[in-house]
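Structure provided below as structure tokens; questions to follow.
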Amino acid sequence: MNYNWNWKIFFEPNPMGTGTYLDMLLSGLWLTIKTALLAWIIALIFGSIVGVMRTLPSKAAYWFGFCWVEFFRNMPLLVQLFLWFFVLPELLPKAAGLWLKQLPNAPFWTAAIGVGLFMSARVAVQLQAGIGSLPRGQKMAATALGLTTVQGYRYVLLPMAFRIILPPLTSEFLNTIKNTAVAITIGLIELTGQARSMQEFSFQVFEAFTAATILYLLVNAVVVTAMRFLERWVAIPGYITGR
Amino acid sequence: MLDNFDFDVIRRSLPYLFYEGMTFTLTLTALAALGGLIFGTAIALMRLSGYKLLGRIAGLYVDFMRSLPLVLVIFWFYFLVPYIGQWLTGSPRPIKVGAFASSLITFIMFEAAYFSEIMRAGIQSISRGQPAAANALGLTYAQTMRYVVLPQAFRNMLPVLLTQTIVLFQDTSLVYVLSIPDFLGAASKVAQRDGRLVEMYLFAAVVYFTISCIASFGVRRLQSRIAIIR
Amino acid sequence: MIEISHVNKWYSPTFQVLTDCTTSVTKGEVVVVCGPSGSGKSTLIKCVNALEPFQSGEITVDGTKVHDPKTNLPKLRSRVGMVFQHFELFPHLKIIDNLCLAQEKVLGRQHDKAQTKGMQLLERVGLKEQAQKFPAQLSGGQQQRVAIARALAMDPIVMLFDEPTSALDPEMVSEVLDVMVDLAREGMTMMVVTHEMGFARKVANRVIFMDRGEIVEDAPKDDFFGKPRSDRAQKFLSKILSH
């Protein structure tokens, strides 16, 4: 392979004048983390609401949940980001559209909201399955004690359902982190984006991508370890989660 | 409000969008699914082979691929494949690889990790009595897998495999980052050329949505039918 | 205390679960409901606190109409204790918290008052030492005793039991029945779905026999065990008592 390896490249100054190439990658990593965290919060909030709606006896609530999930699941994430970023401002009334377009950090907010809503559909499906896996009698027992529907979900069903779906939620969180890379297409210079620009400036393709790869693996390892601790922390003595 | 929009641009670009763009997308999806399934099944068999080293290598590959964003993997292979080609053919310079070949290799390698997990679950879902019965009849390990275990695993997992293929269909849109004219790439090219982003992206969204919806509806029907047969 | 009159329930025109059921339970009375599986006895008892809806007829509990849309169902249910076949303790809560949850959230009791009440009841069912454990760490019989204590903590005016011993291993049945016998002797109004004819003989005032959604027999205990009037009840008794 006639490729000129140069691993010292990371400590050379980048042409943007923001320190070394390594600094560039790390700032990308930081942006990846920020975007993913905000997206995950959005996904959890909307996913929980929609997931619960899909388990309610109300037909209207069920249909709303069904449409929400189908809408966000049946379009490529990339297309969804384009819709939020390019299409939405044009469809809004002029003033609102202009405000959106001039928003500082528009790629960041679009990515966080777009990825967040995309992932909310998957969180909703997981939560629905988690609630569905609880014995029917649990809801009955809560009702029989006089708890209202809201109280029943808050104190009885959701604490168990979230414990049960913690492992799949871990991988959905990892997916959220990975999916932020799609926002490179709307100009978010996160970790993959920084690796790409490093490659364009320095021509050291493989060093740049190797570094990004290692950073992604590190983030994965940290998340998986943290979630293991969380799982152990919320585990119920004597209770086996099945799988 | 829709006065300033020109939806006729869609009609004018239909041939380009579908003959070039959608053909690329669907061919890539089909071939990547097939290749991913074959390679993925091989990985699953390695993981379940009982050979520690083989299993470890296969496991590492799967974990590695699943830890990376697809966009990064697309970039990796785009730059790496020419060098691998050079190494394989012994040519003096990195060889030129076409956009389609490069994307196809990327998606096969990437999807194999996901398909292998599905096939592994499928193989593990088959009762231990089945391979035992096949062995008792005198079938070899390879024959047992080929004629008894894999057909059952494949059939049980068919809905999941198809669902993953729908995800793959949507994921192929990411070749956009290499400026390849798949369906979205083609739509985007027209959008930029004519300054018709809203019309083209809305149309692309509707097309992806319709195809995915119909496909997942089909999978759901298949699933309920399989459930009855069992 | 409980008036059930002409209750009909069906899932579809061809699938009737309850047909014209009429009976009552007066204050201090213990009524045992028995019958073959699928006879509708569990459904009937669940109609009493509106866990199951019914299409026609009327049920009143302590003068309150159960199916009246104006009825505050949580409030009514909080006064009707219910014990389920599968215990339905809340697995993520400690035993004592299982007893406190509804006291605090439904009755609005102070935490320490609820706790004191809970400990008294745990002592009464002989499980004071288990207060800090989780449900999954207890045996089936212990869990069911906790479930009875949980219902009693709400100071119910009537207790409903839905096959409280049929999910238990044989050696644990008596510890649960003992608690129920004590309760009956103290004058608690009880409606009990069970196959335990020994329990019925010991403390029941009346026995109701159901088959195919109908109340076939509704007689004082001695009459029922002396000479059941219907063939179906005779057959059922001979099957159950032959072992």
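Odds and ends about this structure:
When the chains are written out, they are named A, B and C in that same order, and each has its own residue count from 1.
Going forward, contacts are C-beta pairs under 8 Å (C-beta built on N, C-alpha and C of every residue); 3 or more make two chains touch, one makes a residue touch a chain.
Nothing here was measured: the structure is a model prediction, and the numbers come from that model.
The chains in contact with chain B and with chain C alike are A.
Note: the chain lying farthest from chain B is C, by mean C-alpha position. Put simply, the chain nearest the middle, going by average C-alpha positions, is A.
Note: centroid distance chain B to chain C, computed from Cα atoms, is 55 Å. With each centre defined as the average position of its C-alpha atoms, the distance from chain A to chain C rounds to 46 Å.
Centre-to-centre separation of chain A and chain B, using mean CA positions: 22 Å.
Looking at chain A, no residue sits in touch with two or more other chains. If you check the complex, the residues on chain B that touch chain A are 1, 64, 67-72, 75-76, 79-80, 83, 86-87, 92-93, 170-171, 173-174, 176-177, 184, 197-198, 201-202, 204-205, 208-209, 212-213, 216. Across the complex, chain C is touched by residues 135, 137-138, 140-148, 151, 155-156, 159-160, 163, 236-240 of chain A.
Against chain A, in their complex, chain C makes its touches with residues 46, 49, 51, 74-80, 82, 84-86, 88-92, 101-102, 105-107, 133-137, 150-151, 154. Chain A makes touch with chain B in their complex at residues 1-3, 70-71, 73-80, 82-83, 86-87, 90-91, 174, 178-182, 184-185, 192, 195-196, 199, 205-206, 209, 212-213, 216-217, 220.
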